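Note that chain A is present in both complexes that follow, paired respectively with chain B and with chain C.
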Partner chain A sequence: MIEHAYLLPLIAFFASLVMLFAGKEDPRSPLPWLGIGAMTACLTIAVSIFWSAAFGGGVLPYERNWRWFSLAASIGGKSFIVDMSVGTLIDGPAAVTLVVVTLVSLMVQIYSVVYMHGDTRFKRYFAFVSFFTAAMLGLVVSSSLLVTFACWELMGLSSYLLIGFWFEREGPCEAQKKAFMTTKLGDSGLYLALLLIYAKVGSFQLSQIQQFFDNGFMPATVATVIAVGILVGAAGKSAQAPLFIWLPDAMEGPTPGSALIHAATMVAAGILLVSKTYFVFLASPSAMEAAGWMGLITAFLAASMALVSFDIKRVLAFSTVSQLGFMMCALGVGGFTSGLFHLTTHAFFKALLFLGAGSVIHAVHTNDLRRMGGLSKKMPLTFLTMLIAVLAISGVPGLSGYYSKDLILADVWNHDHAMFWILLFTALMTAFYMFRLFFLAFWGDDRDHEKFSHAHESPVLITGPLVILAVFSALAGAGLDHDGLVSKLLAKPTISVMPGATAAAVAVPVDGAKAETAGHEARGESSGRGERHESHLPPWLHMTAITLVLCSITLSFFMYRGPTYALADAVKANLAPICTLLERRWYFDDFFYGLVALADQAAALAFWIDANVVDRVFVDGWGLLMLIFARISDAFDNIFVDSAVDGVGSLGNDLGVGLRSLVKEGQVQEYLMYAAISFSLAATLILTR
Partner chain B sequence: MLSLITWAPLAGALIILMLPKEKVQTIQTAAFLAAAISLAASLAMIASFDRGTAAMQFVERWIWIPSLNVQYVLGVDGLSSPLVLLTAFMSVIALVGSLGIKERVKEYFFWFLVLESGMLGVFAALDLVLFYVFWELTLVPMYFLIGVWGGPKKEFAAIKFFLYTLSGSVFMLLSILAVYFKSLPHTFDMLELMKTQSAWDPRFQILVFLGFYFGMAIKIPAFPFHTWLPLAHVEAPTPISVILAAVLLKMGVYGLMRIAYGITPLGFAWFLPALITIAVINIVYGALCAMAQTDMKKMVAYSSVNHMGYCLLGIAGMSATGFSGAVLQMVNHGIITGALFLLVGVVYDRAHTRDISAFGGLAVKLPVYSGLMAMTCFASLGLPGLAGFISEFMCFLGAFPAWKWQTTVSVLGIIATAAFFLRMLQKVFLGAFNEKWAGMQDMTVRELVCVVPLALVTVWFGVYPKWPLDLINATIVHMLGK
Partner chain C sequence: MTLAHYLTVAALLFLIGLFGVLTRRNVIGILMSIELMFNAANVNLAAFDRFLHPEGVAGTTLALLIITVAAAEVVVGLALLMAIHRNLGTAYVEDFNLLKG
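Coming up: the complex of A and B.
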């Protein structure tokens, strides 16, 4: 099936088109099942690709290109026509991600049939979800950075549409705009990176760009600039500091849509882009370091903000930001495998968390954790699946999150001990706030009797996806870790040339065997496996980390198990300034609102200048100039031709009023003609001499 | 072939002149027929256009004024043929939009067709005198079309447009005369001039270039000569705004590429640092001005300033990618902004206001209109998959190697463009529905006939730009290969 990978985005895209345009809008429209069917087909293809990559004889990376269009290009003073290709490039990470994306999207769609039931724009919602998934699948399979960027932007559009799905309300409208603009801000970095890549390499094909890097033709400074541009783009999409501000607001959309954004599509795209262009980062140690610290800071900030939020979806949103920080940090410290591994496991448990939260919201009709409590009695299946998800994200041994987080921590430990301790602390916060959410929602007794009495377990179309995702959340880690599968599929790419070397010196690649097969083999599997074995935490540290996580969970239990959580309030009262800081989200939002206000002022200023300076000087002033000119030529006429032109005298009075008065005179054309003729005579005389 | 394309509208105009005033339908039919002949002929021309050669095709040549060696030469290559097709196409679209014109129908369609002939002639003419005649021929109809059928300040807008562009073309005339007297034997033939120019000294070329540039910069409109545009757009009736944005502005960029670059390359090269600065100002400053607008139409007008800045950016890069990006951007901007003006006209016809804050929540009541508007806005802000992106991106690609910092600053313009379009979408279409417009109807069939073809082309060129680019490529490679 791998040669038909292009079908994945196309199937989803056409399903989306049909759902958008066919049939009438009807809260009971059967069209969503078309989307579900299409996604099932996609999942089948994805699984077969994954299977052949993991266990079959499929050779990765697999690349296949078609001609898309041709454009004229100039290089070195010569111009010619070059081809732009569109195609698929399937490597290990792509094979894994495809399964994750299609599976989560399928679960989300099945779940949404009940969740969105009765909405006036029922089928449009499914069209958007399919479109979103199609864009993500396109990004994953694409062999060209240009197509990747196109899908990337289309994903921005989809998130805009999905976040603002209930656009009658103010909140979603603001949130969708914020999401689009923030990611657009990041995209401009990526845009510049693309320009720079094309200026240097002359191609957008990933394999060719990689070959260019492999051969060492790319100067280290340029590589750094490109990497930083990509990083800015990834920061926008994957909600890294300081561009994470849009994600917590993005929960204004329908909850299953949030699950899609947080697990399978939007935010995964940034991490995936960095992994697709990892060779750029390998060529630039400083960009790697920047990525590592950016991820670390993001992970820490977001986790701290999640500690104080009482909105169930907002806590989850902060946890997504924080987990993405983990992944980015891992990529930054060279933990390619661990970062992508965490992306995979995170997708399962985060989708589960959001869908679980949706199930809770569906039952109690509020997002406020303070009005929940004791729901375990009413919603046993939701409770159990949420427990698995919370355990998984906290990194409790045995569940999927443990495996990936463990690898990340090991990679960070090998890179820098200070970073490790910060990240470990963040992991403890994660366990704390996730269990805080869990205890507040499900444990103890109810806090709001009315809400509680209405609560009920969700129907099977909701709990079914929960159970399936719970299975994956529990087992995906162990399954992928088994027999070194993850190191095989998610092997770290290598570039054969050390950064900093000059182009001349590296004409002979360091690794002789690589010489013939550079580019293709560079994504190969052998090197990653060797590295994997050394990335383990020292046993004592490993045990300490696990113990600390368990302590953190216990602490959370004692603070939030009861209906009143007095202890937590006492702590909060003592740390009021910090709490305010966290509740105001470290003032990042205020900073960006300030930027927007600044841009508005700049716009107002620009328009004022346009109306009062440019228009005056270049239109009225121009008229004035013409008038003076006309008078001169008129005087010329009077002296030499001795025949006066009528009506000129009156014009003199209007001299200062400029064009506006000229208009009234109605003789302007005549003067312009005089001006033109005398001007042209003078000029031709001078010029042809 | 080209004569048919060019003169069919004028012939239609003359026929309309002879029809009685009362027979509105006959007049409309005649206008459509004339424009349709032009469109059909240009489609046939494109179909038999040889994409592999850079030479002029469909050349027609007659002596016009023997004593001055003025010739009637028409011909198209990859630079002009897309624009000829664009003009013929947008004219038909704008004619559909013109069916809403109720007063002085006869004069309106007469002037409209004269205008169309002028525009087509500008792109087809290969003799400088002929070019100049067509160039000026567009002015008078435009003056009347804005001045008679326009909005409240129509007279002022019309005269400002007319005088300003006329004063620009005076300088162009100067340059035309200059190259005529400089060439030996004296000729107005562009192709001849392009061959002989290399012998001219740089000082002369610079002066001549500046003359051309003034004439064209006002049309483009390039900063600081752009202030006539928002006024003219706001006052012009909807179909005329469409023509103004879709075709008239392109005459400036076309002239810059064909004449200013072709005949005075040294002057052009000398001017590049200024041109890139102007391009950046157009992009960033135009977007900022658009951000400050409360009138939808004025916002779209300033977005045109911004988008023409992309064309200038592409040209200033002096690379084949940038040049073909600029040509494609002209076509795409014509289609997208044409659609935007039509769509703004739709809401204006119903509400008689274009104030962005006067609406709200229209997406609930008018799903089709909102969908099309949203799509067009996203196309205009450069969403991949829609036409605007690929040409904009090519302009950036073309400019980047030569002007790194300037191009980087221009990216700010993209962000600002997204900002003002999204804000407009939010205020007009999203949020709570404003009950004041409860009786508003969704788009009529006539309006859909205008907009849907443009939307389809937007998607087509966005997904598969091979077709338009193949038209352009050979010529551009030849132009830049020198």
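Coming up: the complex of A and C.
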């Protein structure tokens, strides 16, 4: 199936077109099942690709290109012809991501059939979801950065459409604009990076660019600039500091849509792009370091903000930002495998969390955690699946999040101990706020009797996807970790030529061809150069981390188990300034609003200058000057030029009248005489010449 | 007798005719002067024919043609004069000014 990978985006895209344009809008339209069918087909293809990559004899990376268009260009006097290709490039990460994207999208769509039931734009919602997925799949399979960028932008568009799906309300409207503009700000960086890549390499094909880098043709400074540009783009899309402000608002859209954005498509794109262009980062250690710190700061800030939020979806949104920070940090410190591994596991449990939250919201019709409570009695399935997801994201041993987060922490520990402690603290905060959400929603007694009595377990189309995702959340980590599968599939790309001074900063590369055995060997070999690929924490640290996570969960339990949370309030009262800081989201939003307001003021000033200085002095003044010149010119024309013209005319007239007065009128003989005189004069003149 | 002699005579005749046209008051005199000018042309034709193409008859034929045309022209002129004389009661050309602009 791998040679037909191009079908994945095309099927989804086609399905979205059909759903968008076929049939009338109807709250009970059967068309969404077309999208679900298409996504099932995509999932089948993706699974077969994954299977052949993981267990079959498929050789990765697999690349297949078609000619797209050619253009002749002439730059600096040199003419050349550019062949632009379009094609598919399937490597390990792509194979894994394809399964994740299609699976999550399928679950989201099945779930949405109930969740969006009766919405006036029922059909359109599914078209958007399919379109979104198609764009993501296109980004994953594309072998050309140009197509990747196009899909990237299409995803920006679809996120805009999905976030503002209920555009009648003001919140979604504002949120969609915020999301679009913020990500667009990041995209400009990516755009510049692409231009620079093309200017240097002369191709958008990833494999060719990689070759260019591998051969060491790229100067280090240029590589850094490109890497920073890509990083800015990824920061916009994957909601890294300081461009994460859009993601917490993005939950204004339909909850399953948020699940898609937060788990499989939008935010994963940024991380995936960094992984696709990882060779650029390998060539630029400073950009790697920047990525690491950016991820770390993002993880910490977002986790801290999640501590104080009472909106169930907002907590999840902050946790997404935080987890993305984990991934970016992992990529930054050289943990390619761990970052992508976490991306995979995170997709499962974050989709599950959002869908579970959607199920809760569906039941109680509020986002406010303070008005929930005790829902475990009413919604046992949702409760159990959410428990699995929360355990997974907290990193409790045995579940998927544990494996990936463990790998990330190990990579960070090997890179920088200070970063490790901050990240470990963030992981503890993660466990705390996730269980805070969990206890507030499901534990103890009901706080709002009316809401509680109203609540009920969701229908099977909602719980079904929850259960499936719960299975993946529980087992994906262990399954992928088993037998070194993860290091085979998500093998770090190699780069043969490295600046000598920076070799130590970059992890020892795993040879792609030997990746299959690398997992086994890495365990056995203890005397590698520097660090090993599958690095582990020291055992004492490992145990400490697990213990701390469990302590954190226990703390959360004691603070939020009851119908009231006096302890939490007491803590909050004692730490009022910090709480305010967190509730205002570290003033990031205010900062950006201030920035925009400042720009507004600057624009107003510029307008004033334009209206009063430029227009008054230059434009109007120029006009006045021209008017004066015109007046002078007019007077000159009237007095001198016109009188000269009139003078010539009247001279002719006067001459004629004067001559005529010499002749007595009506005398034929006189006329004849003049004629004879003139004739003879003329004849004389002609003949004597 | 060379060609120049004939041409001189013809030129004199022409000038005499022209003088008559410009100075005679009576229309009949003017018509007669015009005849003189015609005949000056005829003398020229005959002379050129005689000296330049003695073997041909084109010149003399043209002279005969002109004599005929002159006769017809005089007829028209006299008829016009008769009509004018009946209307205006005069044959002096300075009184013929009905057509002045």
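Following the convention adopted for this analysis, the second predicted complex is superposed on the first by the 558 of 689 C-alpha atoms of A that agree within 3 Å, B and C clash if a C-alpha of one lies under 4 Å from a C-alpha of the other, contacts with A are read in each partner's own complex, and residues count from 1 in each chain.
Criterion: a residue touches a chain if its C-beta (ideal position, glycine included) is under 8 Å from a C-beta of that chain, and two chains touch if they have at least 3 such contacts.
Computed from a predicted model, the values in this text were never measured in an experiment.
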Contacts of A:L185 with chain B and chain C, given as first, second, both or neither: first
Partner chain(s) touched by A:F591 [first = chain B, second = chain C, both, neither]: neither
Touched partner set for A:D615, first chain B, second chain C, both or neither: first
Partner touching more residues of chain A, whether chain B or chain C: B
Which of chain B and chain C A:A150 touches, first, second, both or neither: first
Doubly contacted residues of chain A, that is, touched by chain B and again by chain C: 668-669, 672, 676
Chain A partner contacts - residues on chain C that touch it in the complex: 18, 21-23, 93-94, 96-97, 99-101
Residues of chain A that touch chain B when the two form their complex: 68-74, 78-81, 146, 149-151, 153-154, 157, 164, 167-170, 173, 177, 180-181, 184-185, 188, 191-192, 195-196, 198-199, 599-600, 602-607, 610-611, 614-615, 617-619, 622-623, 626, 659-660, 662-663, 668-669, 672, 675-676, 679-680, 683-684, 687-688
Of chain B, residues touching chain A in the complex: 156, 159-160, 163-164, 166-167, 170, 173-174, 177-178, 181-182, 204, 207-208, 211, 223-228, 285, 288-293, 318-321, 323-324, 361, 363-364, 378, 383-385, 389, 393-394, 396-398, 400-401, 407-408, 411-412, 414-416, 418-419, 422-423, 426, 429-433, 464-466, 469-470, 472-474, 476-478, 480-481
Contact set on chain A toward chain C in their complex: 665-669, 672-673, 676
